[in-house]
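Input: structures, listed below.
Two complexes are shown next, each including chain A; its partner changes from chain B in the first to chain C in the second.
Entry: the complex of A and B
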């Protein structure tokens, strides 16, 4: 059995140095008392400890079915003792609870589907993260990302001018291919605001390029903001910092409202969709996004079905498709995604299980953002995904999510899978008709 | 541009510029901007020799640039753009500022347009430029830029201490402050957001985070004694410089003035609060019931609510009337004094009150056509594009600026004719 290692992380270790039993007790009871209610109690009281959730978890499957990695095992090591002891838990307990909740659960919600009562263990892990945040124990790297969100409203410390400069640069690049193409900035009254996540202007600018080409070829009335509010991502959601999450989502939606767009189209990011479509809007008082949010997968499907983009060629080699948790379990986009994949690729080889039962990449939920200290453990904890990928026998995997890319890339390298990863937008860009080019 | 009273308020319609007329020098034209008085229409254009300039009616600016963006009219009618000719400059009516910088962006105008400012970065240092004068001190980073209403001061959230990669403990010691006209407060905070300058220019207030959990308001570097679970941007009393800000306590939102809670925290959200011009009342956008949005005055919510969104809280100049844009079931409309206009639209723009507050108008979009609405009544012509209308001083006339059949048209119409 792969033995769990309690990993030393500077954020956790130095945070723990400042803890006292009194602060732990006070904080846990404050969060549980003031920020939870019937939902938590229903989950705690309803669970019959059947363990059916275990088989759902890629950590459990990849860790030789070690029950401490089962979803219920994670609850047993975190929330239950906090409740049972009324917050009287040790510093060491909190350090371990931090590792479990923050790095050994991707909040992927696969286990919800396996629980006979539909208990949302991801909710309970998020609650632990909220306590961890209040105790200032959050792992170093994801805390730094949350700090970036707070200071710049984007996750990569991108300064106001750097964002605009990246868009100008990409517009210049596109014009080498499509001479009249534009990335319209601050175009009030456009139909669409296109939003991306912080890493795109930082080191994945080709995705902005490809999206802009798709927008131009499709002849859409679109814009991108030249102000903070452009980043739809949200690591604060994953550190339990609901207040910063609220600030980010307010900026995002108010930017779209200021630009008078009809909808926000977002790039291929899963967690950002969860924040924009579910958690971030709701923490502000909006039941649903106040400006409709369309994930890239749905957007591509719309474009294809409206005839705005056309297939010029198809990928000949077999491909497989990874279902990102937040847009498949969170939005049900698996069939639309497959329709787009099949339009541009001749041979889609399914992973098994797939669609809403697909295994997580192990990067999501902010786990990859906890950085190098946890990388080996994270990758070791997803041999199940590696086996799933390997069984397809293909050399090209389409993964329409940034975190999934990071997670799958690590798995591909660790397990020697000889597989290339692509975003779906990359495939479309490669294979669509580009009359003006 | 002449003062508004001296604009051409003759009733009638005139074609200012025929956009269909070809100019052989132009390869393509970007978004149109109409001048406040309606006498000009301008756009960034790409020239045949692959440079950029600006076309105003049928004339091109004499200078051409590698890039031009953010074309905006100042309220006083001057046309501004951000241009690159090797350096970045702000260009006003075709004349670039003399000094060039690494980058400039986010052009800001004083209320009357007499002062123009923008943000600047140069050699990885950040600040602001006002009327061509750069701040005496620049910073490692700056954002949340603001120009005071009267144009006398500028302010921004600034980073005063460098941060290395993942220095989360240094971050918690506070590396951000507020700079006013380039001079930073002598105190740092964990975070600083949305500086606001008082009407008399003597005070600057901002949201601050003192640690990872405690939020409050700081004014001229001094914080309120009280802390909250969350705050939003502050606003100043128009006469006393008292500061009002939404605050969150016990999971609900209320409003505090100078740190004291004046609206009990029972809302799911409170934001965009404003004092009435006489300073006697505070109005805000609120969420009194989860998922329902309306306006509250002095903490009392209106009866009508919207499920999707409410924005653009607008007061008449006498403060007696309040309007906002609301959205319900994906349809937009206007609410004025708790009465919802009967029709809804694909989009509504910010409401505009007549100077005496008697009428309210706005630009709307329906089925890709645009027009203006006054007090709920539509103007009888649709446009392929139009701009928000402008009332004359006594509110009897309205200036409509729009494009029909590729012709930019300036219309002055009697308000009473539209209301018939």
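Entry: the complex of A and C
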């Protein structure tokens, strides 16, 4: 068993320098006292320490069943002592709790499905993150992303004009393939607002291109906003910064409302979906999203079933499909996704376990966003996924989520797997009928 | 000795059951009023349909993915819980006491069956205890209170077996049986045994979230 290394991170170190025992105590008690209630009490008192959640966790499985990586083991090293000592914990303890909650849990909620009582351990890890945020211990890289969200309302410091430029540029590119194609900006009253995450205009512009081609071929009345609010991503949700999360989601929903669209369609991102569909709406006081939110997987399925897109050719080589936690455990889109994959690919080879019991990519929950200091530990903590991928024997993996791409890409390199990763949109773009092209 | 017997079978029993019932009401009231005061939003995510779906699926042995991952544990855990309640409610000695005291009566199970079940419950407690020592992921989160709770649960069954078989002084065993059962009853609302009260709600809540919001199974 490889022992856990306590990693040096500039954000954690600098934050820790400014801590005093009084501040830790005050902050923990403020969060646990003011921001929690029946749920935490019931969870902590109901847990009988049975350890049955352990095998749900890819960290535990990949770390030779080291019990300190088991979900309940993580609760034992964070929440329990905070409650037991009424917030009187050391600086060192808080640094370790930060690493555990922020970089050794993807909030994938698989353990929730394994707990006989349905105890939401991801909720407790989020609570620790909230405390970490208030103590200013958040790891440097993800905190920088949260700053970007705060300053620009997008994840990647994309300036307002750069965003519009990126869309115009992609429109130009598309028109070489489909002469009359458009990326309509600021079209009030369109049916659909298409929103993406910051990395798309920054370094994955081909995804905007492909999505726009699909929209044009399907003949949809759609638009993209030219103002902040276009980015649906949300790292503030993963740093426990509920205030910035609320600002982001408000901007996003208000942009859709201003454009008077009927629904928001979002690109292939998992965490952004969790934020817009499940978490961000709640922080704004909406039980469910105020405007219907459709993830790309469901959107493709709709288009296919309405006959708006048609299959021109199928991928011949065998493919496998990675289920992103946030749209599968978070929205049950696994069957729809498979129907689309099967329509465009001849041979789908399943990973095991799959669907709602998938293993996470270990990048989600903001873990990959904690950056280089934690990269090796993160990739080492997911040999379970590497084995799962390898067992399929295929060379093409479809992963309809940005974070999953990042996480799986690292795993593929580290474990020497000969495998290519694609978004489902890329496959559809390649294989669908494009009459005007 | 007789006076101790009168004490444990009379006033102490009344106290234990009162503490259990009032304590349980208090704990449920506490958790609900806390939710009402600070987490009203929880109520809007509760769906009776999905809560029951979850509770039912988790009440069927070997039905959930995790139960199938741990087939032996699952078998033992179900035997333990079923044994606990069946003996408590349907043991003839218990029913006779109720009948003598309150004039109420219901069917009972044969003593031989109850005897086997009691052994199984005690055996299950030993199994849980050993598991706490030998399984690293359980040992990591185990402290003395976990063993104490197991002891608390096992004691009435162990002493019940001793009294039934007249091993040792029957009167003493009966006293110990009643006393340990009373301690157990009193402990339920105020220890992790409270999962007896809370589990339907934690299960139902997460079942609702998974079913109604996330459209996915939680088992």
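By definition in this document, the second predicted complex is superposed on the first by the 437 of 437 C-alpha atoms of A that agree within 3 Å, B and C clash if a C-alpha of one lies under 4 Å from a C-alpha of the other, contacts with A are read in each partner's own complex, and residues count from 1 in each chain.
One rule holds in what follows: a contact is a pair of C-beta atoms (placed from the backbone, for glycine too) under 8 Å apart; a residue touches a chain by one contact, two chains touch by 3 or more.
What you see is a predicted model; the values in this text were computed from it and never measured.
After the overlay on chain A, what do you see for chain B versus chain C, clash or fit?
Because the two structures are overlaid on the shared chain, the partners are seen to fit without clashing.
Would you sort A:332 into first (chain B), second (chain C), both or neither based on which partner it touches?
In the superposed model, A:332 contacts chain C only, not chain B.
Output check: A:313 vs chain B and chain C. Expected answer is one of first, second, both, neither. What do you get?
Once the two structures are laid over each other on A, A:313 reaches no partner at all.
Applying the touch criterion given at the start, work out whether A:413 contacts chain B, chain C, both or neither, answering first, second, both or neither.
neither
May I ask you to decide whether A:287 touches chain B, chain C, both, or neither, giving the answer as first, second, both or neither?
After superposition on chain A, A:287 lies in contact with both partners, chain B and chain C.
Tell me the angle subtended at the Cα centre of chain A by the Cα centres of chain B and chain C, rounded to the nearest 10 °.
Angle at the centre of chain A: 120 degrees.
Of the two partner chains, chain B (first) and chain C (second), which one does A:118 touch, if any: first, second, both, or neither?
A:118 contacts chain C only, not chain B.
Return first, second, both or neither, reflecting whether A:278 touches chain B, chain C, both chains, or no partner chain.
second
What does the superposition give for the shortest Cα distance from chain B to chain C, in Å?
Superposition on chain A places chain B and chain C at a least C-alpha distance of 7 Å.
With the touch criterion stated at the top, can you tell me which chain A residues are shared between the chain B interface and the chain C interface?
Shared contact residues on chain A (touching chain B in one complex, chain C in the other): 287-288.
Once bound in the complex, which stretches of chain B touch chain A?
27-28, 30-31, 67, 69-70, 102-103, 105-106, 119, 121, 126, 141, 143, 159, 165-169, 171, 176, 190-191, 193, 209, 212-213, 215, 229-230, 250-251, 268-269, 271, 287, 290-291, 293, 307-309, 311, 327, 330, 346-347, 349, 365, 385
Could you list, by residue number, the parts of chain A that touch chain B in their complex?
Counting only chain A, the residues touching chain B are 11, 14, 34-35, 133-134, 136, 140-141, 143-144, 147, 150-152, 159-161, 164-165, 168, 180, 182, 184-187, 189, 226-228, 241, 243, 246-247, 250, 253-254, 257, 260, 262, 284-288, 290-292, 371.
Along chain A, where are the residues that touch chain C in the complex?
36-39, 41-43, 45-52, 54-56, 60, 65, 67-68, 70, 72-73, 76, 112-114, 116-120, 278, 282, 287-288, 328-332, 334, 353, 356-357
Give every residue of chain C touching chain A within the complex, in rising order.
Those in contact with chain A are residues 31-32, 34-35, 37-39, 41-42, 44-45, 54, 58, 65-66, 69-70, 73, 135-142, 146, 149, 192, 194-195, 198-199, 201-203, 205-207, 210, 213-219.
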